[in-house]
Every structure is written in structure tokens, then in C-alpha cells.
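In what follows, subunit A forms one complex with subunit B and a second complex with subunit C.
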Partner chain A sequence: MTSAPLADPATPVLSVRGLTVDLPTEQGILRAVDGLGFEVAPGETLGVVGESGSGKSVTALAILGLLPSSARVSGAVELHGRPILGASEKELEQVRGAQVAMIFQDALAALNPVMPVGTQVGEAITVHREVGGAELRERVVELLDVVGIPNPAERADQYPHEYSGGMRQRAMIAMAIANDPALLIADEPTTALDVTIQAQVLDVFRRIQERTRSSVILVTHDLGVVAGVADRVLVLYAGRAVEVAGVDRTFYAPAHPYTSGLLASLPRLDRRARRDRRLHQIGGQPPSPLALPAGCAFHPRCEHAEVPGRCDGEGPELREVGPGHLSACHFPERVPAPETVER
Partner chain B sequence: MSTRTPRDDDGLVEGPPRDAGPSGVIGAELLPSATGEFEAAAHAAPVARSQWALLRRRFFRHKLAVVSLGVLALIFVACFGADLFAPYSNTQQDLLLGPVSPRVGHWLGTDELGRDQLSRVLYAGQISLKVGLAVALISTFVGTAVGAIAGYAGRATDQVLMRVTDLFLVVPALAILALALDRFGNEDTTIILVLAGLFWMYAARVVRGQVMSIKEKEFVEAARASGASSTRIVVRHVLPNTVGPILVTATLGVALAIVTESTLSFLGFGVQPPETSWGNLLKDAEGTVGTSQAYLIYGPGLAILITVLAVNFVGDGLRDAFDPRSERRR
Partner chain C sequence: MLTYVSRRLLYSVPVVIVASFLMFWMVRETYDPCARLRASRDAAAVSRCEERLRLDDPVVTQYGRWLGDAVRGDLGESSRTHEAVEEMIPRALWSSVQLIFWGVLISAVVAIALGVYSAVRQYSVLDYTFTGLSFLGLAMPPFWFGLLAIELLAVGPKRWFDLDQPLFYIVGLHSGDSSGFDLDYLRHLVLPVMTLTVQIVASWSRFQRAEMLDVMSADYVRTARAKGVPRRQVILRHGLRNALVPLLTVMALDIGALFGGVIVTETIFSIPGMGSLFVTSLSDGDAPVLAAWVLVTASLIVAFNLLADVLYSVLDPRVRLT
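On to the complex of A and B.
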């Protein structure tokens, strides 16, 4: 049910070290995640950002052992200090949903179309506990109420297709928090929603987290969502962590050119519009994970790269550039400060 | 929810979740209406209905299925209540009367021994219906189990199970049946078991295909992510999504079993006199085609035709009723 007692707040809920995921494809082995390491503290929200194919979702699935069996996963994933990577399916079933719950992007696809929503929320509970009858029903209705579904008692008997998009996502959240997990992994939970509903769903997130103090890994490509919800940000590029920092430092003092490029390419309402200036874009294409550039994977797209030189010669390691701020850049000092990336 | 009976009622929640306040529920009060109202207004809450009520309503909108269900019910009552409804007993002969064409008193005529054809059709229906239903039930059950295991497990399990299925498919059914009946006797139980043993493959293939496509759906992954075991996922999430095709296969199975049993009886391998099935009656009437006694064909022939059609229509109705998405299309 609940996590182990949080005696020492410094003990991370989740600790990932050297996570590497190889996926066999027809063109060869695809390294989707390469030596990724990070920790999630109790009650913390970690935003994981990166573009499509950067390994965000694969990481999320790898933590729960949900990757297809053809995937080769190495490294270490520990939940409250207990290794869960490579654990048996039986052990993983005890972890999934009870200690680590997942919220999927497309709630319509992630809900069983032929089962009433309330029954599905009940499933999430009865998978882990013997509860039945009126008690289960009561708990389900409460959960639906918690996530802000109006008339939860009636709504519980309806099918997913009778729900609106925002309500489906809320129902997913209700299922995820049904067993009060220590860690919620939300894989692009708001991407399929329009902005007003997005805000409401994020609000539900925030309230639930305040109350339960679960940790959250929020996988997204939406920096706006990260700015609003996350405590720390992990930026992924081509399956590697390129920057880890507190949310403020990420937005005010990015130490990796990819992060600063992402920030500069955000359209902003608070910046004076200039007709002659187009929105910033990061040049080039994300590299194919089957043929990563030598050295720093970002160097072909980097405005500050030293080529030929260190950037195409030597892969940068993640190193500390400030308090709690890690960057995998040879020249973090060259990254433009917020004068170009206003905030 | 309301109609679902969870496994146990005595399971207790093991203590309240951490720091969840006295209610034991995270943030029961924490959601102000602000987040809910927007959508609440847009979707006025409909009246809550139980799952069965929904099913019933959707089924009863399918007119043909409802009529067919009525017809089937009528046939069932008439056949199994033949002792009450049949004008004559199964075997009562009237040699003086001989064969007469349909008329008042003998609605379907009589055969050469003066036996009332309507009464015979009703009594024969007992066997035919029993065989049809039992075969469909058993073969669908076996086929669903095999198909679900093969489809969900995949790999070697799938290969082995499906090759066995193929093997059964290429077996010449009628020859095997004839042999088996010759060997084990013509009891209806034997016929049922042998027919079920020869018909489960169709359900297995259909279910396997369905399961293979449904197990890739995201809600299955979501169920895995919530800690559900494979068995639970198959039983609670995958199979309910294949109810439509399974029902259709099952109804086809009823029809197929009735027809096959008739064929067997027609060939002389089925149930043996004095027990009769619709197939026996057809066989008895075999020589009458083109003669003045051709009316003997109509009774058993129509009985088979109407029953098989009605069963199929009911299957259609059930399939639509079980698919909540069909609500919009209609």
C-alpha cells in the first residue's frame, strides 16, 4: 500500500543508475537510453523533458519493467533502496500500481472500452487488496470525487466513451492513486488535452501530490507544464541526460545549449512581439539513435560547439556546474544566459 | 459496478494510507468545485444504469434479435414440453390412417405408419436442440481457452497450440465422427463430445486473433502497469473485449452442430431409433421428394432452418448489446 516509512527524507524514493536500454530493430540495435542516472526524492516532482525519441517514455516503461521482452535493459533501478530492475514478474506485479503507478498519455486508449469506469478504478484496488462490495464501491466513488469527476456515483457506472477527454484523464489519475503509491509516473499526461483542461488536470495533480506527498515523474515535452509543476528538471537528448537542475535554474540559467535552445524556441506572451523576428529554432534534425554523432550527440546542432575539437572528439560526462545543477556540456559557460532567453 | 460481485466481501482495507487524514482517503475534501464545474456543466449527469439494464436496452433495440429470441423460446418450450403440447405421443402409430397430407388434427401430416409428423418434430427437437446447445457451449469454452492462451502467451505456446488446432481442422470430421460413434456407441453424450471435439478450433482461431490484437492495446499495458497478473488481464480485460466474436462463433456453433447432427443422422450415424432428431426425420422423409408425401420434408426442414436462423439473429443482437460503442452507431 503505502511506501516504506520515510524515515530519512534524504533517501530517494527512486534511484536510477546507469540505465541502458537496447531495442532490437530491423536496422540493428537501437540504444534508446544510454547510461541514464537520476534520483527522485520523496514528495519531489521531477520533470523529464526531451523531444520525441529522446528516451523519455522508454525510461518510464523500463522502471516498471514494462518494456517488451526483446528489449535489453541494464543498469540499476532501486525503489526505496530495493532493486526492482530484473525482479521477477511476480515481484514486479506487487510493485506496479501499489508502489509505483503510471498515468498514460492517451486516456481513451488506456481505459478498457467495455468496462464501466468505476469498475476499472475498482480493479486497480482489487489487484492489490481484497476489498469488495459496498466498501469497494465507496472507495471508488471517493477516488472519482477526489480527482474532480462530477456526480461520481452516477459517473462510476458509465463507460469511458461517455466521458470527456479531461474526465478520462482524471479517471486515469484516480486509478493511479487508488493504492497511494509512493511514486507516480505520468507519461505525457496532458498532451492529448486542450489547454484549459490541461490546466485543470495539472491542478488535480498538484493537489493530490500536496496531500499524499507522493513523488512524481512527469514525462513531457511541454516546458510550460514543467515550469508549472516540476521541482527539478531532467533534460534528455538522444537517450542521455544532458542537464539536471532545479526548475528555476533550468529556466533562468540553463547550462546546456540544448536546454537553452528549447527555451528560446518557446513562443512567449510576455515578450514583445517583433514582426521581423521569427521564433528561434534549433537547427538540424535529432540524430538517428542508430547512428549517433561522435563525441557529444548534440554537437552537429550546437551553435557553440568546438568542431573539430572536444565536442566531436569526446563525449561529455554529466558534471556539476552549480549547486544541484549538472550539465553534460564541455563548455557550459558558453551557453547563453537569460538575456536571450528572457523570463 | 453495481452488478459486479467482487471476489470477497470480507477483505478489509489494511489501514489508512499514510498521512491521509482521518477519513483514510486522500484529499476527500481537497477538490474544490472549481475544477469540476466546467465539465459538470457541459455533461449533465445522465441517470445511472446498471450494466445489465444497458445490455437489455441495447439488445431489445435489435428487433430481429428480439423476435428470434421469442421464436427460439417458443421452439424450446414446444419441444421440451412436448409431453404437454404434442397432439400425439412420439411413437403412436395409426396404421389404418397411413400417410395423410397436412390437415386439421395432423398439422404436418403423418408418415406411412400414421405417426403424427408435428409430434415427431417436437420430440426430435429435444435431441437436436440439446446437441446444438451442448456442443456450442463446450466447443466455445474449449476454443476460447485454447485461443486465449495461444494468443496471449504467443511464441512457442502459440505455435504448439495452433499447430494442434490445424491438425484438428484437417481431420475429416464426418469420417472421424462415424468411426467414433461406431466405436463408442450412439449415445447423445458421445455425439455431443465428439462434435465438440471437432468444432472447438473455429472458436480457438477467432479468439486467438482477437486476443492478439487486443493485447497490444494500451489499456492492457495500463492494466499491467497497475500490477494485474496475466490471468487477470486475460479474464478481466482481454476476453470481455472479445465477447462479440465469441458469441457469434458460439451461435454459429449451435447452428453448425444442429446441421452436422442432422447430416450424421441423415447418413445413419447419428442418434438411433427409437430416439429421433430432426436429421432422422429428414432421413425418413428422404425418399418422399417428388412423391405425394413430400410434405414430410417441411416439418424437420423448417424446424432446422428456423432454429438456425433465429440462433444467428440472437447472436447478432447479443454482439451489438455487448459492444458499448454500438450505442452511437445505431
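On to the complex of A and C.
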């Protein structure tokens, strides 16, 4: 583990080990992320999937040190082998936006309402490089053009509220790729958009990635988006990784009952549901992070759990169940293939 | 925007007229300008007085006559000093403007600084200190603070240290023969401006703190940080710039109200401004002065309300005035 340069393909762009995030709340300390570990290889897109409150966004923010100062973060986060967790605010400012850039969910809220979009994109450049005047302007217009904003020169002077939802998200992407970062973290980039606009934005996303060869962490609860864009998938439940696998194995051979439940809950166009048959759902509620069940956090909602027994007795470790496929389930062999769940 | 402003100005004309009429009417109803003559039991003098002021006419006619003269620039004469009102008002206004200008300028700077600091360092010792002080400032009546300031900063030190002159003066804006912007002026200004500032800073800094807290937790501030923008710039360019929009609006509204509202401060420090003019005219039942006073202060309030709206639309591109 040296601070090797980019050139070594074996060195992951990002490596996260034992990431734990505690957020103080009025009811007590909330463990939002618990011992999370994963790596992102150069050029790879990692989909991070989970329900609301599973710790997806907190993980994304923790990587760049963007959580409120009251949050207690421990573990290790390394960028190209260089530790960035616990780095000084000054060092982090040099990483943010330059080496690791973020794309946020609600672009209307995430863009400054009183600053022209072009200025905001330009700011992403000028905080890291000394560019000014016409050159900066040219670069901003070029970036807006790359993400597919029509009349970019004119649009650069407009304010976020004058943009449509899809265009705002494109502008966010333009801002994020301004410095050709090695890693893009996209936190639910398509959640607030119409389906057709979603597809366009994802398309921009793919083109950008081909162009810049950035690695991407795509945080989402939309399995459709993951299927379309990700290479590997990390499934989170109650702040822990429950399954990590290549995208195909995730969809066709899940090894965790939560993953298979999520897949079975997807409405499908190619299989007409019988009218008397309800859509599959995972029973129960996600557990409160303040009062996690003993043993496996998923066991109260699991159809295959051995209770009383191992499932409510001991927390399962993440272990290999196939090549590059990890699952945190005591009985991964019991998890049915998604096709059979509904029968 | 231009149509909006002209329409608003047009709407405000009846408001100002009604306000000044109500004032004129109430003063005429409650106060007899010839009362002193009545006491002398000289019937001829009383009727001369009534005739001169044409008190027999209905109040509306009297007001109409006053207003007709007013729009031609003749605001009548004070029934107390017989001085032309159109000369008294600007003089009083000028004194108030000086007080308000310095008070608002200092208050704005201090309130913004305190508000931003308290928000950025929320729950720090200084934040709690400023919070406590601003509650004290809000709770303390200005007449009491003014008297306290006079005792502790002007009269007290002069006595304790046996000075020839107090450090700060407590009467008016200038000593007898001096004028203009000089040390004498500043020594007069300190205490009244301080009295005014304490109240304003207390409320504005609270407001600014709340706005700033709101803005600093906004998504776009997080976006700015995610871009690698240094903290100071995040606070100023993204935080303060957005938090100032509502504060400036509140400021404009408050300044408008101040023109008729620095009565206590002006009275304590004997500053011949609009506040003192109101108090003396009211106690003398000086209807022409009071009607003109309302005309001017109401116009100023209307103007600053309009300014607040215009400012908002200038500072926030999302707001359109139509």
C-alpha cells in the first residue's frame, strides 16, 4: 500500500475500510453506517443501493468529509492510497471538486439561487486553478455544451430557476466534471426527475464517463438505474453492507434475502401481473438505527430466517459466496433466484 | 418593474391622504387652538382667532383647504410659533436623518457581523453571549438605556474624573457655534446613536443569525463545499449573499418606520428631529404641523416599503415584480 500514482491499475481509486458514522440525535447516538468497506477500481461504476436511511447518502458525504461537524466518523478512506478521512479541512478542500466531485440529488436546492449557473460552474474551476476572463468563460460554455445544454453561451448567464429540472441536473454534472475528477460520487442524481429526463441524464452520465474515464459511485434506490449504469453493486441495509457483487450476479443470482426481496418488489412490464396478485413487498419496516434487532438486522423481515437460532443470535459477517460476490447472510443458499419469488 | 413602482406609488396617495386627514381631524376634535384666548374672556379676540383659522367650517373643508395649499407647497403655519411648516419639517427631518443614518449604518455592520458569527459558531460561548446581550437589548426600554448611558458615559465620568467637559455631549447634535462634520459633532452623536443602535442591533442580529443558520444548512452551501470552495468564501459568497436578501428587506421596512419612531431617543438627547417635533406639536395641538408630519412620515414609510420590495427583486432573481 504505497501512494502509487494512477498508472497502477491494481490500486483502487477509492478504498473504504471499516467506515463507521455516528450521528448524535435527541434520542441518542444513531449509528448511520457501521463498519462499511468497499473499493472502487479505476473506471468502474459502483452502484450503492438501499432504502432511505440505509446509510447511502451518509457514506457518500462521509467520504468527502461533508457531514456536519457533530458527526463522529471513524475507519479509513483512501484516495489513490492516500488517506483522506481525518485530513485537514485545507487538504480536503484540494480533494473536493478536483479529485473527487459530487453530484447531488435535488439540483434546484443544490444550486445557489442567486448566482448565475455559469458562475457556479466557473467557481468549480477557479477554486482549483488560476483561470480567468475569456478562457474561463470559454471553458464554462464548453462544459455546459458537453452535458447537452442548448445555447450554452446564453444559458450560462441564467439563474437555476430559469432551467428545467433535467437541465439543472446537467448543470450539476457540468460542475462536477469541471476538473476531470478521478472519482464522481452521484447521490441519487435522477431521483427528482421524470422518467424520460432520467434516461437523458443517465445518457449524459454514461457519455461523460466514457470521455473522462472517471470512476463513479452511484448512490440510488432505483434498481433500474443501477442495472443500466453500474458495473458492481453494493447493497446496504441498516448501515451495513449486506451484499456486494457484479451487476449481473446481483440481478440474476442474489445471495442475500434483502436483495432478492428488493428485486421481487420491482414492477415488471414484461410480466403482466394477475389482478388478484399483489405486488411483492418486503414485510415489516426498516429497523430504527437506534434499536437494531439482535443478530442479523434483517432477520425480522426475512422469510428464510432461522429464529430462534443463528439469525437472531449472531450478526453475519460479509463473506465470499462466489467469485467477487460477497454476502452477509448465514444461509445464502436459501435465497431464491428472483424469477421464482413471485410464484 | 417601472409599471409596478408607478402603480404602487399611485396606490399610496390615498393612504397618505387618509392618514393625514385622520390626524388633522382628531387634533381639531380634541384640541382648541384658541383655548388660551378663551381663558382671557375676551370674546372679540376669540372670534378673531376662530375666524382667522376658520374653525366654523366643517373639518373636511378645513382639511381640504390645508391639502389644497399643501400640494402647492404651502403647508400652512404652525399655530404655536407661526413659523412656516414647510420650513420646520425639513429642518426636523434633517436632524432625524443624521441620527437614523449613523444608527442604521452602525447597526447594519454590527448586526451582520454578530449574526454571521453566531450562526457559523452556533452554540459557542460567544454565540450565547450575543444571544443574552440581544435579549437584554430588546428588553431594555430605550429611555432607560439612554439615561443609563448619560449617567455612565457622560455625567458620571465628568464627576468622577473632575473633567471640565463631559467626554460625550447629551444635548442636540452640535454645540452652539459649531456645525458640520467635526469632533464636536461626533461627541454629540455617540450617545444618541448608541441608544438607537442597541435596540436595532438586538433585533437585526437575531434575524441575521436565524437567516444565516437557515442558509448555511442549505443544499447549495453543501454543493459549494463539495466543489472545494474554501470555508470563508462559502460563508461569504454563498451563505451571506443569500442570507442578506431577507435582512435588507427588513432593514428597509424598519428604516421607514424609524422616521416617525425615534421619539424617545430624540427627546432624551434634545435632538430637534421629527420625533421631538411630533411630541411638542401634539402637546400644543398644532394641527397644521401634525398633519404635515403625518404626510411626510407616511410618505417615507410607503417609500421604504416600496424600496424593500424593489430591493428584494433586485437581490433575488427569482422574484419578479409585476
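Note that in this section the second predicted complex is superposed on the first by the 333 of 343 C-alpha atoms of A that agree within 3 Å, B and C clash if a C-alpha of one lies under 4 Å from a C-alpha of the other, contacts with A are read in each partner's own complex, and residues count from 1 in each chain.
Here is the rule we go by: contacts are C-beta pairs under 8 Å (C-beta built on N, C-alpha and C of every residue); 3 or more make two chains touch, one makes a residue touch a chain.
Please read all numbers here as calculations on a predicted model, not as lab measurements.
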Side-by-side fit of subunit B and subunit C on subunit A, or clash: clash
Which superposed partner A:E135 touches (first subunit B, second subunit C, both, neither): first
Subunit B versus subunit C as contact partner of A:A174, first or second or both or neither: neither
Partner chain(s) touched by A:G118 [first = subunit B, second = subunit C, both, neither]: first
First (subunit B), second (subunit C), both or neither touched by A:A109: both
Subunit B versus subunit C, judged by how many residues of subunit A each one touches: B
Partner chain in contact with A:V226 - subunit B first, subunit C second, else both or neither: neither
Contacts of A:V127 with subunit B and subunit C, given as first, second, both or neither: both
First, second, both or neither for A:V95, with subunit B first and subunit C second: both
Subunit A positions touched by subunit B in one structure and by subunit C in the second: 64, 66, 93-98, 101-102, 104, 106, 109-115, 123-124, 127-128, 159, 161, 172, 175
Residue ranges of subunit C in contact with subunit A within the complex: 218-220, 222-231, 233, 237-238, 241-242, 245, 315-318
Residue ranges of subunit A in contact with subunit B within the complex: 1-3, 64, 66, 92-98, 101-102, 104, 106, 109-116, 118-119, 122-124, 126-133, 135-137, 139-140, 142-143, 145-151, 153-159, 161-162, 164, 166-167, 172, 175-177, 179-180, 196-197, 200, 203-204, 207-208, 210-213
Touch list for subunit A against partner subunit C, complex: 61, 64, 66, 89, 93-98, 101-102, 104, 106, 109-115, 123-124, 127-128, 159, 161, 172, 175
Residue ranges of subunit B in contact with subunit A within the complex: 1-2, 4-15, 17-20, 25-28, 30-31, 35-40, 42-43, 45-51, 217-219, 221-229, 232, 236-237, 240-241, 243, 322-325, 328
